[in-house]
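Comments concern the structure below.
In order of appearance the chains are A, B, C, D and E, and numbering begins at 1 in each one.
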Amino acid sequence: MPRIGVFICHCGENISGTVDCAEVAKVSAEFPGVVHSVDYKYMCSDPGQNLIKNAIQEKKLTGVVVAACSPRMHEPTFRRACAEGGLNPFLCEMANLREHCSWVHEKLPATTEKAIDLVRIMVEKVKRNRPLFSINVPVTKTALVLGGGIAGIQAALDIANAGHKVIMVERQASIGGHMAQLSETFPTLDCSQCILTPRMVEVAQHPNITLYTYAELEKLDGFIGNFRAVIRKKAKSIDEKLCTGCGVCFQKCPNKKILSEFNTHLGTRTAIYVPFPQAVPNKPVIDREHCMYFQKGKCRICEKFCPTKAIRFDQQDELIEVNVGAVVAATGYEVKDTDFFPEYGYGKYPDIITGLQFERLASASGPTGGVIKRPSDGRIPETIAFIACAGSRDPAKGISYCSKICCMYTAKHAMLYKHKVHQGKAYVFYMDIRAGGKMYEEFVRRTIEEDEVHYVRGRVSRIYDRDGKLVVRGVDTLLNAKPIEIEADMVVLATAMVAQPDAEELAQKMKVSYDENKFLSEAHPKLRPVEMNTAGIFVAGACQAPKDIPETVAQASAAASKVAGLFSKDELSREPVVAVVSRTGPPEFSNCVGCFLCESACPYQAIEHEEIKTRDGKLIKTVAKINQGVCQGCGTCVALCRTKSIDLQGFTNEQIFAELVSL
Amino acid sequence: MNESKIILKKSLGEWFNMMTAGGYRVVGPVGQDGQIDFEPVTSPDAVRFDHVQTNNSGKWVMFPRYEAMMRFRLSGKEVQAGEIPPQAPPTVLFGAHPCDAASLATLNAVFTWDSSDAYFEPKLANTTIIGLSCTKGDSYCFCTSVGGGPGDTRGSDVLLTPLDGEKFLAEILTEKGKSVVGLAPQLFSAADGTSKEAALAKIPARFNHRDVTAKLPSLFPKEDVWKEQSLRCLGCGACAYVCPTCSCFDIQDERDRYTGVRIRCWDSCGFGLFTLHASNHNPRHKQSERWRQRVMHKFSYQPERLNVLGCVGCGRCSRSCPVDMNLGEHVAALAEIKV
Amino acid sequence: MNELQQTAKDLLEKNAVAVVIGYGMGSEPSLRRAVFVRKPDQAPQLIFDESCRQNLAFYVLKPEVKALGKAAVVARTPTLRTLLQLATENQITDESVVALPVGNGSVQPLTNFAAIEQYLANVPRGFTAQEQQELAAIKSKTLADRWAFWKSELSRCIKCYACRAACPMCYCSKCIVEVNQPQWVPVPSDMLGNLEWNVIRAMHLAGRCISCGSCADACPAHIRIDLLNQLLATEAMQQFGAEPGLSVRKDYALATFKPTDKEEFIR
Amino acid sequence: MTAANLYIPYQMRIDKVTEEAPGVKTFRLGFVNKDDEGRFSFKAGQFGEYSVYGEGESTFCIASPPTRKGYIECTFRQMGRVTTALADRDEGDIVGFRGPYGNIFPIDEWAGKNLLFIAGGIALPPMRCVIWNCLDLRDRYQDVTIIYGARTVADLVYKHELAEWENRSDVKLFTTVDPGGQTPDWKGKVGFVPTILEQVAPSSVNTIAIVCGPPIMIKLTMPVLAKLGFKPEAIYTTLENRMKCGVGKCGRCNVGKVYVCKDGPVFTLAQLNQLPPEY
Amino acid sequence: MAEFEPKVVAFVCNWCTYAGADLTGTSRMKYATNVRMIRLPCTGRIDFMLLLQAFGHGADGIIVSGCHPGDCHYSAGNFHARRRWMLFRELLDFAGIDLRRVHFSWVSAAEGAKWAELVNDVVNQVRALGPYDEFPKRLNRQSLEQLCSVEVGR
């Protein structure tokens, strides 16, 4: 029989005021298995804890029940006391006589009876406790940062500056992301590239950062501290070591009419190209889909002119395997294109553009050198209508959320236009103006009041062409819902910010969850905003939800500090309240039948497949195995397991069952 | 003994009443078509005569599905424990067909082998069997192959044979039988000499059980035979649980907080875990081995060790089998194998 | 030879499979039993008609049958669905079994899961009007009558586990009733043991049961346990859109959720 | 236990608990009711049903010799529900015992012969009973040789008694552990039991061999014994089939027509050779 | 004769309802003494079999409570639990088990008052229903002597 000690705390008068503690101790002493039962004024005091420690040794206790306050209050205290007394701390349980009994009931016999029951329940539980030991997991102190936009750059630099290795993977030929495309940034109107490019260079030159551009995550396995990532380095068709970035190749490339992605299709590039002049790394790649040699088998002009003979037409994609301890997902966003809107002509009017395209038009390094020109005829528009909430906050379009940045950048666009085209007329159609943020509201007011941009509160129902003008029809809801019609030369849609088209695929690769809009889900919306539900994977920037640059940077730094925190120890120590799969001898080896229905129920993807093989390697069966580094101990799998092959340490079936039997 | 009398069908109700008044619990075949079972008879009218066979056998009267044998209470380090005395109310098992009556010999042989079973014996001693000869059978019946017959008297204390729709020939076979008849002697009249044979069902013999018993030891190693027969066997316990002679059991403790009982309940050799060792080794790992055990046990081991056949040919196992494992057919097939 | 027999014969002749699991004549004219045809000339043993009810997918997992080699299984719609559900539960691998679909026209061997999925897409499913009526009849009883009904039904349960044995989805090597640390389900076939066993079994099959009815067919006490499964299958379908066994996608209704799941019963 | 009801166990108090190896314990049990003790007797080789009230019964041999009166001992490994509950019992706790059941080692017939005991792992307990029985009647027998092996040093049970036998001049003890199972200070042999048996090569002349161990050990030991000249009639072993009743009724333990609980658990190899391979 | 006092078993998650009940205590709100809590990490851990066991071991009523949707400490345990309960309730109802004896609730760590109210409501409701004698029990724990009247199965 186990040897259980019961320690009843009076908590001053807090418990003993309504519960007859002496009686509880007396009755508890009679429970089978209880060899020691005392009550004391303050169990959490030093003398109280000494009572426990001494009894553990004198009575050779195999389990301790402290009947006192809530375990959420003092469980660590008493578990530590037990450990100091020489008992495994997980052989200590608490019965909550204060919050759940003495404080909520009157001084009645039934209250003492309940206290006795609570003690008995815990005595029966603790009889079935088994010693547990904290779980240690080694940590590989290298972080993988997915995405080289401002979020990834900030996170990478912070982690690298904290002294840890970083591997950054960027899908495009250059890092920089969307921020590199922006003209000026609100609310300060400082030049986006001016503040970004030094950071890009810092990334490239940082001794702790390994940069893979034109690369994507192929596969991610493992768990916190011990991920194994496979990175696909797409063939750039050049030898990066030899290439000096001189630029002769793209000057000579005959295919010059390819629409530039960086310039949002408003400008052109060559087949061998760098996305933009300040690209990092500033070395070209060959776009094989447009390269004449790859398409037609003839050309090789770049190869001929390359002074360092760096062109490699036969280059293959390369798979690189790396071990990392943490992952920061900073894969960014996309914006909806103009063809998403039937009421605005499904993108058939070239002068209806997106906000991002406007950024390129307004950018000094853009296709028009910063002059606002109509894409159709290059004329400077005299009237521009800006339409906020193009797609956002529109459940009918499947996007019910607010894209958050549009109010601000639309104000910025209108202001920039007015600064460049003083006599021009700017109209902004909006639903609400959301300008929460430092100096944001002031910025919008300046746009309206100083730059005389016309703000019209109402939806635009239709845009159509009338003699070369774009007729914008809507309703001004502030003027008694008066219909309004504007003839504009250009319309800028603040199209919704959406998840990357392959966000779902990426989330599945990383085994993290994502929401209905395909944005990655943080572990907790309030308290764990940069962690993901898979331990060791963090999130930064707009891949989690629409956000502006300051927020993105803040989140990136937060993620980086989480990573640095994780990397501050060589080993991760965890409470052993985790699930375990029971094993038996041959021929079954485990009662687990390998149905893996638990797999999809696990919120942490902690369930792995374990193959049981004969000595000569023949597969006998595949059973579930819990990755104890990942498991958080919720027990959802335990409830789901039909054969009860999975159990949760600390809350085992035997323990809970015993509690019920003792009711 | 062996005195024959006549009782009219319409008098049976009165007889039941006298038995109840005499302190007997009367158990007989009651229920709806397709669901006729031996249960305490609450009204004589409810008793069925027209069925071939009940779903379950009446063995529960002597060997219940579950039965508590010991009770105990834990307090501190002490255990208060005591026997739960066997409950053996005087019972009349009415309407048992000759196969069922014959099964008592098998059960008795198991439960009294060397040591006596405190729970079975008093129940058997306190049970009076009023058998009922079979006037019809079905293709599953094979009593005549295992030494029985539709009018076999073995095991019955009184055997009733319906002579026509109205009257029964009552063969009074034992002292116990005499006592229950003695409860209402006025209901019985002298036999008129009509033979019961004409009324009995014709059950063709399918095999000779002595030959089977003699042959089985040499069939044991023929794995293929057993494997082939049992390929479709699901490994459930239906056959064993409806069988009137199957007596394998399990002993288990059921407990509440500090009290508990030790229970004996039915078990079946068809279950995969029946013989599983704690070490996970299982002497009868395959279903074919368990099927062989079932057949060997009934037709070889019990005859050899206990001098009784473990099968009475009632056919219940085959009627209840979800996958049509037909014992009569398979044993007949075994009998055909040349060794 | 009919099409089924011919198909089976061809498969065996081509050594595409080692055994064809099908239905043959049983010991009574009205009875069918599983047969395991291993030689082409035995193919005429195979029959299929309305009396062939057993879900033969069970045998695909039975070790003794597995040992015979690759199997083709004569499959009614529920059997096909069972095969797919077994696939989602990692119990059988693709192309490890050939299904011979019967009851809906041509017997075209389905050699992989994709083919079964495709086949099932065009087969009517759902409960028959009669089945729905039976369920509704019990639902319309008062609470006390439902309790009385099940108490009477379950009192006949002798815990022979024929329901479990006949169910191809009950493939656990150690069933919950055999788990004894703790002893979840009381061993005796008393009221509590029977109630717990049947309720637990129904829950363990919820979202997985493909409603073949084999459990009720197998019950020697003729307990309508299939109604418990039918209820949960209907609910899982209505509440979660769960239709097990139509694809190999892992979409077990109780291992997933929607934030919008109904919860008016939760206070 | 009432004489009439064999299913009611004796109440036994745990007088002593010995940790033999990881998960293996020995209990010394004394009768709570002294009348029971007076009625009770057993012989080497017999077994019983040990129970924890509320958890059920489990079958083990009686591991102490009948020559030591006043108590019985059992040694068990914690495996399932009952043994786990047993392992949780402490000195002073009450458990149940019913028995003795089964046949016996015919030690009287062995008088004047050499005895060779061969055991592996947790199978020493059934043999310990007969070893002590014979040692307590030492002058009736000639040479006594014991070969005992376990997987690792930690897995050897009855370590203190092994030391005692080691020191006796009238017992030849060879302890061995599987390769890799030895500790740096291990002084015994290293190797599997059959190998050690071959090395020790005891004479089969006028010798009885008693073998207990896991199936694989038995399987490999028998040919060695045959090579050494042992006749099947001179080789004894015990079977440990699953049982519930212990008295030939519950239907589990039969090997063919032989019931281990009644006809066994002690068998000669000659007898085993007659049985189907269902154990 | 004293009024029947029901036994109500509450299965609660550690992070929300257990903490909420702690808050009830800290706020000194009173409620009925009839409830006994089983603390589990998450509602996802609450096996439906535990509910059956509670009835089998003498509970007259059951409360199951955890974090509100979206608040789960383990992000989704309560969502999984909700699905399970949804089906389990239907099954219980179908089997004739009175759902007024089984209550599901979300009680957050901030809802001390809700917890007190919930317990009182359930206790009153179950008290009105009376003891759940019709649910079969594991054993009759009243007295050792009564154990011998354990039913014998046919």
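As a working rule, a contact is a pair of C-beta atoms (placed from the backbone, for glycine too) under 8 Å apart; a residue touches a chain by one contact, two chains touch by 3 or more.
Everything numeric in this text was worked out from a predicted model, so none of it was measured.
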item	value
Shortest contact path, subunit D to subunit E, counted in steps	2
Central chain (distance from its CA mean to the mean of all protein CA atoms)	C
Identity of the chain that, by mean CA position, is farthest from subunit C	D
Chain located farthest away, centre of subunit E as origin (C-alpha)	D
Separation of mean Cα positions, subunit B and subunit A [Å, integer]	68
Whole-Å separation of chain centres (CA-atom averages), subunit B against subunit C	32
Averaged-CA centre spacing for the pair subunit D and subunit B, given as whole angstrom	39
Subunit E: positions in contact with at least two other chains	48, 53, 57, 70, 76, 80, 84, 138, 153
Multi-partner residues of subunit C (each touching 2 or more other chains)	174, 176, 181, 183-184, 186, 188-190, 254-256
Contacts with 2+ other chains: residues of subunit B	65-66, 72, 74, 77, 250, 252, 254-257, 260, 263, 265, 279
Which pairs of chains touch, using the document's own definition	A-B, A-C, A-D, A-E, B-C, B-D, B-E, C-D, C-E
Residues of subunit B that touch subunit A when the two form their complex	74-77, 255-258, 279-280, 285
Subunit B-facing residues of subunit A, complex	1, 30, 32, 120, 584-588, 661-663
Subunit E-facing residues of subunit A, complex	70-73, 96, 98-101, 103-106, 108, 110-111, 113-114, 117-118, 121, 513, 521, 523-525, 533, 577, 601, 603-604, 632-636, 638-640, 648, 650-651, 653, 656-657, 659-661, 663
Complex contact set, residues of subunit E against subunit C	48-49, 52-53, 56, 69-70, 76, 79-80, 82-98, 103-106, 118, 134, 136-138, 151, 153
Interfacial residue positions of subunit B with respect to subunit C in the complex	34-35, 37, 55-56, 65-66, 139-140, 227, 230-232, 234-238, 240-242, 250, 252, 254, 263, 265-266, 268, 271, 273, 286-288, 318, 320, 322-324, 326, 329
